[in-house]
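In the two complexes below, subunit A is the common chain; its partner is subunit B in one and subunit C in the other.
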Partner chain A sequence: MFLSLAWRNIWRNPRRTAVILVAIVIGVWCMVFLGALMRGMMVEMVHNGIATLTGHIQIHHKGYNADPVIENSMRDPEQAFKALEKALPPGSLWTARVRVNAVANNARHNAGVTLVGIDPRTEAKVSFIGKAVSDGEYLKQGDDYGILVGHALMEKFETRLGHKLIMMSQDTGKQIASRAFRIQGVYRAEQRSTEKLYVFVTKPAAQAMLKMGSSLSEISVLLPEGASPAAVAAKLRSLLPKSFEVLTWRQLLPILNGYLEMMDSFVVIWYVVVFVAMGFGIVNTTLMAVFERIREFGLLKSLGLKPGGIIKGVMAESFFLLVIGLALGNALGLISVWALSFHGIDLSALAQGAEYFGMGRVIIPEVHLKDLVTANLVVFVLGLLVSLYPAAKAARFTPVEALGHT
Partner chain B sequence: MSIVQCDHIYKTYHQGRIEVQALSDVSLAVDKGGFVALSGPSGSGKTTMLNIIGGLDLADSGQVVVDGNSFEQMSQSQLADMRLNKVGFVFQSYNLVPVLSAVENVEFVMLLQGVPADERRARARKILDEVGLEGKYDRRPRELSGGQQQRVAVARAIVADPAIVLADEPTANLDSKTGQGLLEMMRQMNQAKGVTFIFSTHDEMVMDFARRLVVIRDGQVVDDQIKG
Partner chain C sequence: MLSINQRMAWRNLWRNPRRTLLTVAAIAFACLLLVFMLSFQFGSYETMINTAVKVQTGHLHVEAKDYQDQQDMRLVIKDPAAVAKVMRATPGIEAFTARANAFALISSKERTYGALVVGIDPEAEAKVSTLQSIVRQGEYLKPGDAEGALVGRLLARNLGVKLGDELTVLGQGRDGSIAAMVLTVRGIYSSGIDEFDRSSIQMGLGSFQANFSMEGAVHQMVAVCQGLGEVAGAKSYIAAHLPPQKSPSLAVLDWMQLMPGLLQGIEMDLVSGIIFYLILIVVVTFSILNTFLMSILERTHEFGVLMAIGARPGRLSKLVFMESLAMTLLGVVAGMIMGALVTWYFQVNGLDLGVQDVMAQYGITGRMYPQLSWISLTAGPALVLVMTLLAALYPTRRIWRLKPVEAINYV
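Take a look at the complex of A and B:
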């Protein structure tokens, strides 16, 4: 009967109950939806970071990550290939690259770029470039003079498909190496900065130009869903000599990693801030409901109900309000996320700012179970806690004081 | 044998800087099965006396024993248990929980006592029948008249077989006919079941019904007569 009493009590004043429920529903909806939006942004940033050549894990010659010069190339990559065969879980993909800083020139312009020599077949499975070519054609094995450039770079150089582009860099003999390539394809990336930075040629073409022989700059690994980059990287390190370095994407993208860790804390802070705003409403409404019923509490105490019973009764009312508010708020939040999951939110208007943070133009909100549970726990637990104050106030009146209350 | 024994009760209330001596050296004994009215003008201390007997308030000094249980040194929790098991209350107004039906209001005390649901329901219905409210079990207080609400309050007060029933101005908000009907019902309960009733009242009708009249004035018993 106590639960029945609590349930009936919250509907004694339906308008007031509706007001507080709306506050809880909106608060929970904000937590779920905006939390999903933040998570979607983070997922997009990680996805972009990994897809833009980083991969989940990279293997280099030791020191290459700190100083990506041609002297720090892997001269004996066969050891790395053998380690990969032993360490990678089923479903993993990898590709080997040459990657050096270079200067791109044409008749009108020049710019610093990163020259990436790829195996077109394996590269297509690991990074974004396989699906990114929008004009012309993708590289094939044997394309010794074809080059893929980004759309933004092509615009910058005022050139087009089929035109020449000269690449210059330093070779292994510390001499200037240069080669003329013909623009075979143009690619589009999530960010214009990517399009301006990377140019792609075949690996043999890059190795020949830079006199690298069979040396490589990096091996990039893409792991299957659910695999732990840290665990696989540790296994690779145990199989490789100290002349190699094995780094996860978190180590390769430290700014992104730091931002993600900050965002995790920010999500929780966001939840608490929303709750504080909501919590005042809960306390206020519960206090009003309690003070209206002081005489009734006096009656109940005179019948033999102890203060603990009164506290339980008021807490039960808060429990019902929170459960209903959470159910509706979660439903509204999940429906909002589902509705936006088809097309996402287009941030083209904010493209430059979004690019700075490594975000794409379209954000698709994503609900993570951990965030959903955290949001619900914050509201439920803190909601019950703040309800303790009005409940304790109700319990503290003596029967005579309460019965004499007008 | 006294079911209520109060000896040398003193009670003072503090209202800001003003001290009000509500009771001054009041002694009272009530036998089992008594039908007693405490009468006096407003502010005489009769309600204070009733509150002290019922364990709603504690005397500053003196001894209160109800059905062999001394209130001296009882904690608030023990007093609550006393009220639950030994005392029934009927107040002037606001007697019932508005969101509970008549039968649920009557069941409430038995719920606190831990009586099983089936037995609670059966006893509550039976007592409502006895107070003349058969068929009105599921009515909410707002659907009952003032007199009917007071009958539900009386039913709740006696359903758990308390040692005493304390009624504070139970007829104050009722018309004379309804009030008389209520008093007749309570007298019937007193005679048939031996329930001890102690009233606080300044209603002459209640005083007429009482078999013993204790007059309290300015916090002291000035008259105590058993009527023939």
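Take a look at the complex of A and C:
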């Protein structure tokens, strides 16, 4: 009975209901949409971070992450391979690398780079480099003198495909090792800093140059969707001796992790701020709806309705307003996210700025159930809470006072 | 003296004080938030720019054309003294210094890393950058110290060197010859920006020029101005007075050209902030629109009476609009005052966000200090004012359609 009464009550003044609904709908819409946009940005940042050679999990020799030098290589990677076989869920991909700091030289220029020795076949499935070669050719097994360089590095070195590039680094005997490579391919990455930093050769070529035998610097693992990096990492840790370290991307990219946590709390703050803006409207509308019906409440009371009943009635009206507003707002939010999910939002105009924050050039908004639930809960629970005030007001009129009111 | 309309409007407002106060509160809340957030953003930008400028870049560089892009050893300023003379005469410049840079292999006993070797003039550098104050261990370079070097914290860790250890530097001189030298670690610096602390060492400029066969040339003349506002003027003054130099010719670059990523990052943050604020304002406007609308709907009878005794619709609209204006102004002023107070409190005491690892990478260390300015104080509230007044216009349209007879009978 309360519900049908409340339902009719809110349509007694359709214009007022419509205006407050618009406020709620816009509020909820922007919560959903901007929440999705921020998630999209975060997913993009994580994706970039993971694809730029990090992966979900990495296995190293203990201490490599803090001090990535050749002495901290895994001398017995077979153990790690075995552990991977046991621990990884089906659908996982992994690749092994040599990774050292090196200096690249040609006749005119030199610069510090990270030399990455890769297994071309497995690497292509794990990191961005497999699809990133824009000129020339990707590495293949047995290319002992081929090297892939970023487009930005090539420009900086004023060189081109087929030209020589000399790499220098420290080998396992602490001597300076150098080897001449021929630029076999040029890759493009989302960020110019990546293009300047990484050069790729085959794993055997790097191992031979640095006299490291079959040692490896890192193993990078890409998990299938839905698998928890932390859980798999814990399992790997239990299978491996103490001389290995197993780290998830959150540990490998602490800055990104910190940024994500900051964004997480920002989303909630943003929800509350929008709600407060909208909450004033809800209270005011409900309050007015109550005051213009003082006589009516007095009548109901003199007919024997308890104060609790009046509170229930007013709350039921807010409940309907909120439910309708939430339904429309969510629908609108989801539709706009869906509409943008095909092309995303192009940030090319601000590419360097996006790069500054570690993002790519296109952001595709993404709805997370967690945000959707948070947004709806915030609006619904707080919405009902603030309606308690006008409801309590309505319940406090005494029948005589109310019936005397005009 | 208030006109009769103004007095009526004011009294009408307080016929329902609760509603008026709630509406004023909604507007004040929006204004407070906008003032604080904008000040906060501006404050963090200023910190970001200042840190980036002070740690290394400076406000202005004079360097050979294309040096910024190519970082080529051979693109030098041949006569730094001539540039120094121009800079000394430039109005708005606080301090300047000369630097030379070379990429080299740095070896300790154990390890070898590639890093940027920067030749600095210790005395002048101390006035331009924060280098002297971020030396956390050991001491800053003394003028004339030919064998000393300052090393970034992360590079020192990677190389495994401590104060007093020796570093072998191997690089290529300006003329293509081999440059080799042994330097002693005098100090270790930490700026908080990992990239900077990982990739550079600093040595005396004189010794740098001798070892890298610079023949008295440098790569950059770096200047800081008294404030961001002086940069443009100083830049054009220097550009007009640059000493002539052929192949390569010289150019003046300001911090925006030196760090395009920083500027665009700020733009992006500002744009996304503005989108958030606009949405917030729209939500608030709709919240308020309802109050305005209601205050008219519930007074239909009253308006009917007023019209019957001769009030024109224009006058009633004016009355209603004045009520809305009064409410809005009250809210905006209250919001601005509260916003300014809150901002001022944090401007003095700082705000600890507890995410310093992240912030440090953008050059913000420690607490954040919002920066109250005329723009941050007025931009948001002005927009709220405009939007609210637009919202106030809509309900007045109804008054024009009122028919006195119908209105009087409306209950």
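As a convention for this text, the second predicted complex is superposed on the first by the 405 of 406 C-alpha atoms of A that agree within 3 Å, B and C clash if a C-alpha of one lies under 4 Å from a C-alpha of the other, contacts with A are read in each partner's own complex, and residues count from 1 in each chain.
The criterion applied here is as follows: contacts are C-beta pairs under 8 Å (C-beta built on N, C-alpha and C of every residue); 3 or more make two chains touch, one makes a residue touch a chain.
Since the structure is predicted, the reported quantities are computational estimates derived from the model, not experimental observations.
Visitor: Should the superposition on subunit A be reported as showing a clash between subunit B and subunit C, or a fit?
Guide: Overlaying the two structures gives subunit B and subunit C room side by side.
Visitor: Considering only the touch criterion stated at the top, classify A:300 as touching first (subunit B), second (subunit C), both, or neither.
Guide: first
Visitor: Which partner does A:12 contact after superposing on A: first (subunit B), second (subunit C), both, neither?
Guide: first
Visitor: Answer with first, second, both or neither: which of subunit B and subunit C does A:27 touch in the superposed model?
Guide: Only subunit C is touched by A:27; subunit B is not.
Visitor: Quick one: is A:272 in contact with subunit B, with subunit C, with both, or with neither? Answer first, second, both or neither.
Guide: After superposition on chain A, A:272 lies in contact with neither partner.
Visitor: In the overlay of the two complexes, what angle sits at the CA centre of subunit A between those of subunit B and subunit C, given in steps of 10 degrees?
Guide: Once the structures are overlaid on A, subunit A sees subunit B and subunit C at 90 degrees.
Visitor: Report the partner of subunit A that touches more of its residues: subunit B or subunit C.
Guide: C
Visitor: Of the two partner chains, subunit B (first) and subunit C (second), which one does A:403 touch, if any: first, second, both, or neither?
Guide: The answer is first: A:403 touches subunit B but not subunit C.
Visitor: Per the contact definition in the header, classify A:373: touching subunit B only (first), subunit C only (second), both, or neither.
Guide: neither
Visitor: So, does A:170 touch the first partner subunit B, the second partner subunit C, both, or neither?
Guide: In the superposition, A:170 touches subunit C alone.
Visitor: Contact-wise, after the overlay, does A:102 reach subunit B, subunit C, both or neither (first, second, both, neither)?
Guide: Only subunit C; A:102 stays clear of subunit B.
Visitor: What is the minimum C-alpha distance, in Å, between subunit B and subunit C after the two complexes are superposed on chain A?
Guide: 10
Visitor: Residues of subunit C touching subunit A in their complex?
Guide: Going by the criterion above, the answer is residues 16, 18-19, 22-23, 25-26, 29-30, 33, 69-72, 103, 105, 110-115, 157-158, 171-172, 199, 260-268, 271, 275-276, 279-280, 282-284, 286-291, 293-294, 297-298, 353, 355, 357-358, 361.
Visitor: Quick check on the complex: what are the subunit A residues that touch subunit C?
Guide: Residues 13, 15-16, 19-20, 22-23, 26-27, 30, 34, 67, 69, 101-103, 108-113, 156, 158, 168-170, 174, 176, 254-255, 258-259, 261-262, 270, 273-274, 276-278, 280-285, 287-288, 291-292, 347, 350-357 of subunit A touch subunit C in their complex.
Visitor: Which of the residues in subunit B come into contact with subunit A in the complex?
Guide: Going through subunit B, the ones touching subunit A are 51, 54, 56-57, 76-77, 80-81, 83-85, 89, 91, 94-100, 104, 107-109, 111-113, 156.
Visitor: Under the stated contact criterion, what part of subunit A meets subunit B in this complex?
Guide: Touching subunit B: residues 1, 5, 8-9, 12, 295-296, 299-307, 309, 398-400, 403 of subunit A.
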